[in-house]
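Order of writing sets the labels: A, B, C and D. Residues in every chain begin at 1.
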Amino acid sequence: MASNPKFSVGLWSLDGTSDRFCRQGYSKTLSVTALIRNAAKVPGCQGIECHQTDFNQIGVKEYVRAMRANGLVTTNINTNVWGDAVFKHGAFTHRDKKVRGQALGEGKRAVDIARQVGSPGIGLWLGSDGHDYPFQADYQEQWRLLVDAIRQVAEYAAPDIKVGVEYKLKEPRNHIAVGCVGKALSICMELGLDNVGVALDFGHALMSKENPGESAVFLARHGKLFNVHFNDAYREWDDDMIPGTVNVWETLEFLYCCRITGYNGWYGLDMYPYREDGLAACSMAIRHLKSMIKLVDTLDEKALRRAQRTMDAIATEKVVGKLIFR
Amino acid sequence: MASNPKFSVGLWSLDGTSDRFCRQGYSKTLSVTALIRNAAKVPGCQGIECHQTDFNQIGVKEYVRAMRANGLVTTNINTNVWGDAVFKHGAFTHRDKKVRGQALGEGKRAVDIARQVGSPGIGLWLGSDGHDYPFQADYQEQWRLLVDAIRQVAEYAAPDIKVGVEYKLKEPRNHIAVGCVGKALSICMELGLDNVGVALDFGHALMSKENPGESAVFLARHGKLFNVHFNDAYREWDDDMIPGTVNVWETLEFLYCCRITGYNGWYGLDMYPYREDGLAACSMAIRHLKSMIKLVDTLDEKALRRAQRTMDAIATEKVVGKLIFR
Amino acid sequence: MASNPKFSVGLWSLDGTSDRFCRQGYSKTLSVTALIRNAAKVPGCQGIECHQTDFNQIGVKEYVRAMRANGLVTTNINTNVWGDAVFKHGAFTHRDKKVRGQALGEGKRAVDIARQVGSPGIGLWLGSDGHDYPFQADYQEQWRLLVDAIRQVAEYAAPDIKVGVEYKLKEPRNHIAVGCVGKALSICMELGLDNVGVALDFGHALMSKENPGESAVFLARHGKLFNVHFNDAYREWDDDMIPGTVNVWETLEFLYCCRITGYNGWYGLDMYPYREDGLAACSMAIRHLKSMIKLVDTLDEKALRRAQRTMDAIATEKVVGKLIFR
Amino acid sequence: MASNPKFSVGLWSLDGTSDRFCRQGYSKTLSVTALIRNAAKVPGCQGIECHQTDFNQIGVKEYVRAMRANGLVTTNINTNVWGDAVFKHGAFTHRDKKVRGQALGEGKRAVDIARQVGSPGIGLWLGSDGHDYPFQADYQEQWRLLVDAIRQVAEYAAPDIKVGVEYKLKEPRNHIAVGCVGKALSICMELGLDNVGVALDFGHALMSKENPGESAVFLARHGKLFNVHFNDAYREWDDDMIPGTVNVWETLEFLYCCRITGYNGWYGLDMYPYREDGLAACSMAIRHLKSMIKLVDTLDEKALRRAQRTMDAIATEKVVGKLIFR
């Protein structure tokens, strides 16, 4: 049974990049329209992810027109509640009710836009909700506010818009509240809402020292693997590199796990090619992923499952080693 | 309001140590009776934790007699299902029904012993349930077996014996299934049993890159902070060092979080003094912890909470910095 | 014997901050003159570090005037060869001779400025000289160019201007060539130039999983501890936090090691208070450091050395524990 | 130009394993003679590495006879000065002259054995020379003793026996003195002895967050890449896994770097298959390495070097990606 994956590109992966050392940027930023045009040039790309804040720059109508003209669909509207200094100390968990309300408003705006542009869901990566220093945060209050805020947005989004909570250990905060796959799932379980699930970012899972494939299965057991963000990394940081350039085995296993759990969502590229051309990086990313999916298709699954029953790594490696070592 | 903590010592912290490089051991192993006697010599120690396998060596009656003679109570019976080569590929999740049954039997034996010796609970640190190599494990089956096995032991333990699931990222397996606080909580939520909670090991939390204080609050929100294991570490590995010797701030914050969440369980020493004298190490551990609890008692909590509402680290550091910097 | 430390502030620690998520910044950038004025307001601050590129904005004369007016001396001119997109793939090791020449020119410009403003040395933190992806760099050529370029700048600086090579594991590159204390020292040894040494950044040492105190001694053995950059971090990343807020023991030990090796250079604050007020953060930093230096002054050094001879951690902890635990 | 690698097996990789949790072992230990016989059964294995302490169990003559009978040569005699409790606090740097003398004696004994059995060199992995707790060690004295001891052994070994200093970040100590490639090289530079170089362990390099290929080039620049130990790992710990099972790209790059630097020493397997059959693990290791060497042989080196000159990762990835992605 061959896989039939669908690829989406996070618009930011095609845009100009910067960091704290090179504030004016390693490359030029582009307009949303130009980014959409570039996404359409990525071989194999059928959809895009963007942020609600992209619509500060472009109207919904103009966006829809550009998407249609380029034959693309929207696969996710991510909620940017970290890119403005107002949210530097928090967004959904800000102790100032006004700021928190502003953040919640942005979450609902993401839902509105999702409905308007036909996106199946929104993303909640709450990058500024966390803490940097010991004793800085009142965790009791933080977690109460966090769960409450996600509930509010999720109820606003129900029943037609899915909400994918995206976990990440750190960056930009030294500790982000929703820091691992288990915390993300526990939020879903506490809320008990059908439209709340998890967006799994491959590099974030590595950063939390998880095996991304296991994390996918862990979520899928509860029907909560809602979206996938793809990239690669050296395990200590969110390096946001091109898939397959560092961790081949865990990427192959992740793709295999997506298949056996029946994941039929999108593979969204969430990269940050600091020094590379975004269009070239995204094109290579999908090429690599397609090539790895083909490798997974050649896997003797029956033999693998037989080997897994022995629990002996020599047995499983004999089966999977064939994908690369000949 | 002063804290009134209770200290327990994990017997193994007093015992001879070894590692893969020095198999015959850095120090001599002692009999259970000798370990109990030594525990009683640790100033401030009122209880002990041990393993069900310790009762291979000592009868329950003899154990109870020794404990009474030394004025100690049992605070936890840990389930050792990793110390025998039969469990090298797994215990509660072993694919061989016979081995899995043997592991489950050990879990129930821990419950039996807990009842016999008056321990309030048992511990489930499932150190061999995980995987080492990519593709080695069938995660779907692993998680199904894991949750099912914990349920069986928990139902056997209900209603009087608490079951504390102890998470750890790795060691001895490269990936342990229950690897972070969120996964541990999600198991509790899935099972929905009153007597299933989590044992939080300070060093394990650090290893999973958590802030242990936040993890305590995260669990306490759900009434699931059942037991605490104390030690210290450099964050990448389970170094099992003497508390307070590496991370002073996070230990202070953890003690503070235990207090504000109303944790009234034990602080159990789970150390592994490879090259140090166990008795001296445990004595120093409680001395350090008592000293840190006193420091926390001097904390101006009202000022801290006020500072936390600003969300500004400068404000909170001004309050807590006084504990050490004068 | 009391220590008599001298504190300097890296101007950037007082400036507006940004990161890749909040490109427009968490706080406003200031002019060099305003930064100097703020440095003078930091209690205990006697000097500043800046970059040669700051002089794109301010003339040398105006700078000297401002420094004098504020009673400050320049302790280091850092060479910024990473903040401009032209250096995104490398500076001293760029394969394009023209770009490499431009980088070398900047290094020499830092020397020129150091002479003009009376700075004892320059800093070479070569943040863009490294690689991100496997196979990306020709390491043979990279190391040849690196050593050659440092030699050129050092010869230009000799004999009156010291050159401090600052190592860092990563960020902004995934791998920076001069990534650990040993590599930095080996460059000094290969060059054999009196005016080439190492700038040790506390957080960089932690990131390379070193014990900063040991690194200081390691360098001092060869007379190569030229400059110190202070901050604190969680060991996995260059968090650039306020000293003493995470790692108290290793900071105390580092200060002790600086003392016993006779380090008489500056302690330069190299922080990046993303969300905090720079002036408040720097003021707290020096307050913390002074407090920790006082603690070290109370250390019973004779007892410590006696304990160290036993090699037993219990013995050494008994001596140093008194600094915090009473 | 095809590579012609020579493979050696560390005897311990074939032996029974244990760890602190399973002290009696995951598998049975074998006699040296049985290990040699098993080494000969590993397809592609031409030599072995062992420890001087193996000769507590077998006489030199009997060893030589067994080696000849099995058609194997000795490629390295490693100095075990960490497996006995006497060395728990240090060996070459022990503050007790008697213990230090005993350790030095073991180093010289390794040299003697190397001469007797025809090994080209000895290994100095000084696993117990380091520290666990802050303030525990007197680093000034430690480094003085360390360099002095290595010099003594090296002079004893000169001119015919090579001494390979093997660096490792930690385990069994929390901090090992010779912790990174740069420190190892700096020792060689300080000593200035022709027969002192470095043994690079692939997993140790990863643990120190190095790119092993770059480390190989870094050492080869100074003619100091003396020996290679092969395995694989997840980068945070010395997992000692089968090569190629985690990090394919960095292994390929390392093999490429060995080739371009003209490394003509041995590839010695230094694995620790805790739960796997040693013979099967070593056989798979060489099979994987041979397969990867073949892949490297297909690399278009000219195209790679051309791409590296652009410094653009997209360009280099296009060349090397072909090795796996088709």
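Some notes on this structure:
Quick note on the criterion: a contact is a pair of C-beta atoms (placed from the backbone, for glycine too) under 8 Å apart; a residue touches a chain by one contact, two chains touch by 3 or more.
This is a predicted model, so every value here is computed, not measured.
Both subunit A and subunit C are touched by B, D.
The angle of the rotation superposing subunit A on subunit D, based on CA atoms and rounded to the nearest 5, is 180 degrees. Ranked by distance of CA centroids from subunit B, the top chain is C. With centres defined as mean CA coordinates, subunit C is found 39 Å away from subunit B. Mean C-alpha position of subunit B lies 36 Å from that of subunit D.
Separation between the centroids of subunit C and subunit D, computed from CA atoms only, is 33 Å.
Within subunit C, residues 89, 132-134, 170, 209, 234, 236, 242, 245-246, 249-250, 275, 312-313, 317 each touch two or more of the remaining chains.
Residues of subunit B that touch subunit A in their complex: 89-90, 94-95, 131-141, 143-144, 169-170, 175, 177, 179-186, 189-190, 208-211, 213-214, 217-218, 221-222, 249-250, 252-253, 256-257, 260-261, 304-305, 308-313, 316-317, 319-320. Contact residues of subunit A toward subunit D in the complex are 209, 234-236, 242, 244-250, 275-277, 280-281, 284, 287-288, 291-292, 312-314, 317-318, 321, 324-326. Note for the complex: subunit C touches subunit A at residues 17-27, 82-85, 88-89, 127, 132-134, 170-172, 174, 234, 236-237, 239, 241-242, 245-246, 272, 274-275.
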